[in-house]
């Protein structure tokens, strides 16, 4: 098939034209032979192993009927149980839907990750931020931004500075910024504008890689093994497991973190992003990173966006860990259940 | 400044014609008049006859697609005709004469006074919509008319191929027509993320703490720089002659 | 400009004509002038109808109806107050300033109501005859231009010689303008009196004012018989209402045939031509409301001075 | 090139024509070109003599009005107050233009005919009276043109009956 | 006829892409069809289906006209306008924020100037005049032409120049001034390094209209972005702090100015209109040469010398009209009434107003000097209209003349002189 190969080669250039192999979930082939360089890579390889294990556990492939509901009519798809994801369903509909959908909605009430296998016959809807009621996708987007900020913050600092992520609170768009709390071993660091710009740049770079958000539900032991070097997370995991009997972890690239989810389809959905400020939370000895972002396709002039940026510079007091622990149990992200879906 | 504009010539009138009273049109009116040609009748009369056909078609079908510039001209005449009809009503003989002349079919005169005038009675905006339309191509099913002077088919196929692509097209419609709208209705969604962010920012700044924080923040001046690529010297500025 | 894809997915890219074109110079400034002609800074500061960006709130239709409108018939009384309707030459600030100057001059001397066809006496100071007031009596045969450039032409036959003088209405050399006979004629100008027998434009230099104080200005329907050719202009080309039909005897058959060709019966149907040649009614009302108070005060002042 | 005749001259010709051929419109059409009005007073332009000199009266009655053969100014186009040299009845006489048909600036009168007053070389008018009104700006203009040793043009003003 | 080649990637899956590509493909097909149908080749052999699409977009274009092209490093001013889908309340909120940031303009654009909200504006101290000092010029708008009458009754046509909301944006000292157009104009050495550049902006506008880069130019001065920017060369002594407003009182009545504008576009014109050639006779055996230039040279050179006046594009150039007198100033609307009705540029276009550099009109003495570096407002109220001494105000009584004896005149005649209107 030389022609077909060359064809593929040509079409690499177009970003929206053809999917890149790296977008495919199954194409990730993280070899165990690579030596574990740091904790992030170690976590990632553990994630791979756990994922492969869960994949093997599926056993015999069963078929389920998935009814895809859209404005243009319904479509009935026969998919594989515990293997096919909503993203796989979009491949039978349109590439465009697969690229733009933020999150899926199963049986009109349960938000479902685009890369999470479907476990039973259901009806499926794809949600976008441009929908009439974009409450779910907006919150998913906001949460994913916090997650990505964690990935960026982990990578961004020098090697001699140990970054330990604490957590990020449940998404609150009204608060004006998405938030990440992390321990970075510094106390009086006030970031210069260039440093903040560098963080924003890293966010955009991550977004341009269009990495998928992969989801796994693991047991307490696996999770504790993964986050063995993170005392905050160890603390969280035990509390979470006590409440929910499972721990949900997500991965983007090599970054793995705990979150209830759901997350958006891939990182490329961020259109515009600014990391506006950091604030030192004295009681927790944590740094709070704050940013503001807009999804792709939502355009705003520079002045209006500047207003949002200026607001994001102020301290977002939404669920500061030391205060939140008094009223919410256990970790903030798990504490608040999703509000009514049909808000 | 656009360069292709015609040179302004001094108009022949030096004062406003005060004896006539007209209502203000709600469309942008160009100061220069586009010359239009009609084959059989030369000059401004041919221009008006050509526009008359367009105006009649507009009143008949309520949505037409035609060459952009004739459509732009015809839009003004249609607006004026409706505004005269709304203003004076069918009792005014001059208005009736205008409607008689501009609308070639008799039933359209009735339509103007009985359908359109009630429709546009208290219209705060213009009565027509005007859009740019795509070019016409053979592939869209457009067949240029054969030129009878040249019965040779080959010539007839080559000549219009160049002529048909060279003129932009426009779409002209009366407002309130029965067809489905050309664009989906532009209802801004207050729940979209930028609106949520802005309205929450508004609430935040309106509240007391936001207002005070805003001031303190402005004074400290710490945070993000909003000025990328500020040039070093004044060489980026428009030159002056001194 | 944004490009949309139509909902019917026809692939049509339709571009909406926005109002962006309003800013370029070649486009009607009338529609924008509703906000910009009312530019009096002091009054703006007082009434507080502007928002914080200085944009003036749009008046409701209902609001404008409740405000009492000025009498539109006044527009014939002060025709030079209305600017030339050539849109790319207009500027609301300049028109406003010019009207202010005109009103200031009207405060000094009385510029009465008169029309083309009225007989006037003007007193003016003449640099060639210092210490004297020279005066001229004549029929107004033309009224041209607007604003401070407004001018009139007076014609009289003195000692069997037709004499015309062009005057600028706002010239400070004018001392007095007196209307001797107030009437209108059928045509916008009476330049054809130059080619008419002298009795049509002969007025005694010591003519007494003869004005009937009725509300309506009388319309003189006199038809002028022209002299035989040659003429100063081709009067047969345009149908003047004030020229007698005997003009047909004065021209050749060839000219008559050509006259038929020169007629433009379609011109009255050219609605946009009419629109471009006039000011919209709304704008006339704005101007009249602006000048109304000052003008009434001047009239009262000058009438008191005369009596 | 035919220049048009002045108003009075044309009138006299036409009156004759009308008398001879009544109610026949085609007769009025003349075989030579008449532009509507000669607004430029240059060489060979015809003038109307408006004083009561014998020479002028005779020339006008005979239908042989004077023609300009020289305009004494820089551009060769005469206006009010210019001195011209006229050919009248085989004689060369100077004249002062006291009224023109062309468009005039504000406050200067414009007349229906191009009028001239005949003078001698020293500025003395041939006649004793000007029968039509003359523009008042002549006072300034002629005073300016008068020099102590040259001709005294202000004498023309003294025979004027009415100023406009 | 210009041809524009557009290369597009081939097949796509998205719906809108597909339709577009289909349209493009068929367009190429039809163009080729039209092209080849005139030849005798059967059409079927040219029934090409394109995978990689190359399409032609053809349009009718006018003649190429000279255009001012900004350098590549010029800050882009216009931004793309796209639907932002903001609710009315949010738009209102943005507008409020703008007015909070920059302070509300007193009146909408054009008439009154933007009032600076800054507290610590540097106080301007008057500067001593010395020969050769140059102060800043201003940006005005040509708003119309109207007559004024002088005291002796003569009428002069004046152009109204409105100084629209001018503020000083920035100052670049002489060592940072980079002359523009180095290639075309040789900048004299005495000028280089002697004058600094003062950047002045006119007409404040909504920052949402412009790009972020352009708005950044105004950040240091604390002003909203301006519609028009200009650079004026000034002596370093006459420098003004950024944010200083400039108004009509920068000039005085009776001063002389130079006005620079962008002349009206007239398109491609022949020599008669462009250069005022006489043309050639209408008759007498002329064949198709009535408005042509005639000979354009010859003799020993056998060449056309550079600078020969020929047909070409007329208008659209910066031109300066010098030594125009200011007859009147309206301080309320910031309008200068300047002699002449031929100031380059259309009505409502921008004009740069400089102090006159005309040889006879520049300031040569300290006692004639204009206010330096600019007019500093005082406690006394300025009247709305300022007239030059020889101008007749409109609210003054009519002009009358009286006889004044002048013994100098040789003829002994008496000349008239204007009376009245002397307040």
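As written, the chains take the letters A, B, C, D and E, and residue 1 is the first residue of each chain.
Please note the rule applied: a residue touches a chain if its C-beta (ideal position, glycine included) is under 8 Å from a C-beta of that chain, and two chains touch if they have at least 3 such contacts.
Everything quoted here is computed from the prediction, not taken from an experiment.
Q: What is the chain whose Cα centre is as far as it gets from that of chain C?
A: Max centre-to-centre separation from chain C belongs to A.
Q: More C-beta pairs touching across which pair, A-E or B-E?
A: By the number of C-beta pairs in contact, the winner is B-E.
Q: What's the distance between the Cα centroids of chain A and chain C, rounded to whole Å?
A: Here the centre of chain C sits 73 Å away from the centre of chain A.
Q: Roughly how many whole angstrom separate the Cα centroids of chain B and chain E?
A: 29
Q: What whole-number Å value describes the gap between the mean CA coordinates of chain C and chain D?
A: Distance between chain centres, rounded to whole Å: 36 Å.
Q: Determine the centre-to-centre distance between chain B and chain D, using the mean Cα coordinates as centres, and give it in whole Å.
A: Distance between chain centres, rounded to whole Å: 60 Å.
Q: For chain C, write out the residues touching at least two other chains, lowest number first.
A: Residue numbers touching two or more other chains: 11, 25, 88-89, 126-128, 168, 171, 173.
Q: Quick check: what residues of chain E touch more than one other chain, meaning two or more?
A: 15, 23, 82-86, 90, 94, 97-98, 155, 212, 346, 349
Q: Hunt down the residues of chain D that sit against at least two other chains at once, touch-wise.
A: 106
Q: Show me the residue ranges of chain C that touch chain B in the complex, using the header's touch definition.
A: Spelled out, the residues of chain C in touch with chain B are 4, 6-8, 11-17, 19, 21-22, 24-28, 30-31, 34, 61, 72, 75-76, 79-80, 82-89, 144-146, 264, 266-267, 269-284.
Q: Where on chain A does chain B make contact in their complex?
A: 129-130, 132-135, 138, 141, 173-176, 190, 193, 196-197, 274, 276-277, 292, 294-295, 298, 300, 304, 306-311, 313-314
Q: Within the complex, which stretch of chain E touches chain A?
A: Going through chain E, the ones touching chain A are 9-10, 12-15, 17, 79, 82-86, 90, 94, 97-98, 207-208, 211-212, 215.
Q: In the complex, go through chain B and note every residue touching chain E.
A: 1, 3-8, 137-140, 154-155, 157-158, 161-162, 165-167, 186, 188-190, 192, 194-195, 198-199, 201-202, 205, 226-231, 233-242
Q: With touch defined as at the start, can you tell me which chain E residues reach chain C in the complex?
A: Interface residues on chain E, with respect to chain C: 15-16, 19-20, 22-23, 81-83, 95-96, 98-99, 104-112, 143-144, 146-147, 149, 152-153, 155, 160, 162, 206, 330, 332-333, 335, 346-349, 392-403, 416-418, 421.
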